[in-house]
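Alright, structures below, take your time with them.
Across the two complexes that follow, chain A remains constant while its partner is chain B and subsequently chain C.
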Partner chain A sequence: MTDLAQIAKIPNVASAVLGDLAGGFYDAIRVADGESIAAVTGFISTSLVDAGEQLGLGPLGRVSLAGASRACIIAVVGGSVVTVSVEPPGSLPAVERALDTSSGARG
Partner chain B sequence: MEAILQTLMDLGGVTAAMVFDSTGQLLGHRGHSIYDRALCEQVSGALVRAIDAVQLQQEDWETIAAQFQDGKLILRRVGATGGRTQVLAVVADGNLNPSFATVAIRVAAGKLKKLLEGGGVSSPGLAAASSSQLGGGGPASQSQPLSDSRPVLANSGLSWSKTSSVGLSRVQVADPAAGAFLSRCAKALAQAVGPIAKVYVEEAVRRVAPEAPFAMSMAAPLVEDLAGQIEDPVDRKQFKAAVAKS
Partner chain C sequence: MPASRPSDTPDLTRLVGLKLGNYRLERLIGRGRMGVVYLANDEALLRPTAIKLLSWTAADAQGQDPVRWFLGEARMVARINHPRVVQIYGAARQGDHCYIAMEYVVGRSAEALVANGRLTPELATDIFLQAAAALHAAHGSGIIHRDVKPANLLVGADGVTKLGDFGMALGSAELAVGNAHLRVGTPYYTAPEIWAGGKATASSDIYSLAATYFHLLTGRPPYPGPSVAAVEQEHLRAPIPDPRGIVPTLPASCAALIARALAKEPRERHESALVLLWEGRRVMQDLVAATGAPAAPAPHLEHAFTPVPPPEPRPPPTPAPELLRSALGFATRPFVDVAPADDALAAPSLAATRTGLLDLLLDETTFAVGLTGAPESGHAALARRIAADLGRERHVLALDLSTEAAGRTPLQRLSRAVGAVEESSEEASLDAIVERMGEERKRRRRPPVIVLEGIDARQPADPGVVRLVAAARWSRSFNVLLVGGPGLGAALAQAGLEGGPGAVPERTVAPLGREEIAAYVRGWIDATLAPRSPPVVLSRDALLLLALRTDGALERINCVAENMLVLAAAERRRTLSSWHAWAASDEERWATAATTAALPRRPEPWPPPEVADVIDACRRGAGMPPWPRIAGRGG
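== the complex of A and B ==
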């Protein structure tokens, strides 16, 4: 799940960024401002982790953001946060399934 | 609003449904007894923080679906009235049928939009009255109605607007100079904490100016508040120097 090169090969994945829950930046593919994206998605993830704890939903696994022009998947694996930009947004479910398959295949 | 939220509660797996606005004020909720009003208000605060950050990355977001180990949280933008954005949140367990829920949430959001635009819920009193929980009504708490403003992403990515339409930012400024000052603070703070600085500045403004538009007369306490959040003394000193210089 945190192998950016593998994720970037999934059809309709426009870019991918690897960071952590603290907003730290580690790596990016096909995107210039990976540091900004990692910072923002780290904050989104921690805020949703807080909400999930309050609601008793357990650990956060994945967040899917969808809008008219684009979509994005934030996958939380341990302390790592992978942000996957999806274009066109209608491809979001297919990319989600591909990510599930790749993480499942890896065990 | 209760009837609309109840239709969502009738879906298999849904444990709570709530509507809140960009200030974190709960406009209505339905839920199993453990999801009482106090909890939903607490959760809406965390969700507003998350949505504020989403706005920085994707202003045109429509849905946010968060998958947790033991359930799911789905947020859907309802609309914007009175300078505030309203959001529908649905909490569900593993029994939720995602496809059916997507349709039901879209329909409910449409109905809520019509209701809110028609003034169906226009005041905290009415909002409190529309909130209830299954198995007993929760106490209506007094939420502080705050004006908000929409962040306008200029070249720097950091600026504030005096008026709002769809944004979730809750900062209102008294004049353009105050807005420019907040942008400078966010830029200076970004040197220490990164792009999330804008969110920190918004939170600090709400602390130092909770009931009035931010004005330059509140600049000093704002800088002190922000500086107090920077752990590294060198970064703190640099932040103060950068704000003073600008």
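== the complex of A and C ==
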């Protein structure tokens, strides 16, 4: 799930960034400013981890966001945060399934 | 032999009706070693006047010209010019009579008062305070009284006490030629060093005044031996008596004052009558606090005070600069102080320093504290914050010593700041400050705080600052918060502060750690963004570079962090990244610049290799892997 090279091979994945919950930036594929993306999604993930606990969701696994031009999947794996940009946004469910399959296959 | 020796000594007690100059003698009111004193009427100015007439013998004169000696007294007292010293109107010789015309005090001597039994502690202390003020003025004029005793303290009907009879006094000229060792004075009040044949000094006057105070408090002198020889031995060797043995209700501060002022060794006594006066004021405060009664009138020193305005509340937040408001949604300007909110400091170490300092200031045993820090550490801003906090309950007076003063000393500037008429001398300025602070303490029932900023700890402190700290120690009327660079205590000690470098406890503003910087920056941003504005996010690498560039110095953090926001706002971005932290100036504030045209532009790709190396070094320090090199991966 944190192997950006594998993730980048999924159809309709425009870019991917690996960071952590503190906003640290570790890796990026096909994106110029991975640092800012890691900072934002680290901030969002931290906030949502707290919200998820309040809602009784258990450990936060994934958040999907969709806009008019692009969608985004933020997956929290342990302390890591993977941010996957999806284009077009309509392909978001397919990418989510591919990510699930990918992580399930690695088991 | 005297040049002007009268042939016969007339009976000076039978001169009622005699006119000397403008003065008609009306009634004999006293006799002394040097002559007699009449109440006279000044027929020109129509006011009662005391006329002291000289009578002398060769023995009295002790080999000196008695007329010169007599007139010398008048000249000496005339130059003191203090409201608690009996005023001299003139001195003249008419025929065989040499006389001094002086202020007539309607009232009684302290000796007459105490003859009916000990005085109330408040009254005794009030008399003592006024006498100490007079003695300080005399010493300031270079005059040693040498005969301070209850009989020479004249207590007016209006409660004003005046120090009189300088007949035994010596001025600086006489002290220099060696007359100071002659033993004069009254045995009950004479200092041990005088008994031992030593010289009269300001310290021996302090001893005499303390012995007088003891007498007024307890109804008996400290060493009431049956003979002069016994009294002498007691002054020289007996343990210093505790007045609480006779009056148990006296406060400990009163006993401490007596013990110090009656020390056998002059160097162990109060260093000046002014310090004695300050400590006496503290005793008075304790007496008033114990009884809940209003204080006896303080020894007014005729300073013309103007009311001190109440402390200024914290200024309202500064509106956000236009760029930060329009691009990022800031309501007020961030990074302009040490904390965004009234009640909390975002950085825990700052909060701990503030709390520690306030605890020290609230501790009654602490008279002065230091707040130190490296340049740009924010210690001065923190001091202002603490002063503002204290100002809610106490009177706070702040002075920045690093600013221009037009040739005025720190004490003169403070004296002006408290509303006193500008004093020419350091001591007079200091006394005005102490008196004003004492009034504030009484008014608010809490000691006021004087904040002195900008003390240069690289050199010995200004002597006036040291005196102010000593005054705080002895008067207990106020606290001093000293703000300067590291080594403040040593600078004070070098300038002569008693107690060495540790005499003034210090708290130091340490550089902020990385996580503290993060909390501090986020605290400011959250507090100054308008409600419902989207967040502004700080990247991890931006934080690392910010810590590197500022060394945790708060003022530099403020400058760099605000400039990071300006850069981000100009790019319409809400994430502060390593680029912003790298490019933001640490010298000038960009937020108020007229244009953003001159702001640096982000190079592409970011970061260039030389910056990536710096970021890698920071990351290593934070336990993070190096910056990802993504050029070959389509980034």
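Everything below uses one rule, namely that the second predicted complex is superposed on the first by the 107 of 107 C-alpha atoms of A that agree within 3 Å, B and C clash if a C-alpha of one lies under 4 Å from a C-alpha of the other, contacts with A are read in each partner's own complex, and residues count from 1 in each chain.
Just so it is clear, contacts are C-beta pairs under 8 Å (C-beta built on N, C-alpha and C of every residue); 3 or more make two chains touch, one makes a residue touch a chain.
All of these numbers come straight from a predicted model, not from anything done at the bench.
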In the superposition on chain A, see if there is space for chain B and chain C together, and answer fit or clash.
clash
Contact-wise, after the overlay, does A:Gly34 reach chain B, chain C, both or neither (first, second, both, neither)?
second
After the superposition on A, what does A:Cys72 contact: first (chain B), second (chain C), both or neither?
first
Give the label of whichever partner, chain B or chain C, reaches more residues of chain A.
B
Once chain A of both complexes is superposed, is A:Phe43 in touch with chain B (first), chain C (second), both, or neither?
both
For A:Gly58, select first, second, both or neither according to whether it touches chain B, chain C, the two together, or no partner.
first
First, second, both or neither for A:Tyr26, with chain B first and chain C second:
second
Chain A residues contacted in one complex by chain B, in the other by chain C
23, 35-36, 39-40, 42-43
Under the definition above, what is the set of chain B residues touching chain A in their complex?
16, 34-35, 39, 42-43, 46-47, 49-50, 53-54, 56-58, 60-73, 91, 193-196, 199
Provide the residue numbers of chain C that touch chain A in the complex, in ascending order.
535, 537-542, 573, 575, 577-578, 604-606, 624-625, 627-628, 630, 633-635
Write out the stretch or stretches of chain A touching chain B in their complex.
23, 35-37, 39-44, 47-48, 50-52, 54-70, 72
Touching residues of chain A toward chain C in the complex: what are they?
5, 8, 20, 22-36, 38-40, 42-43
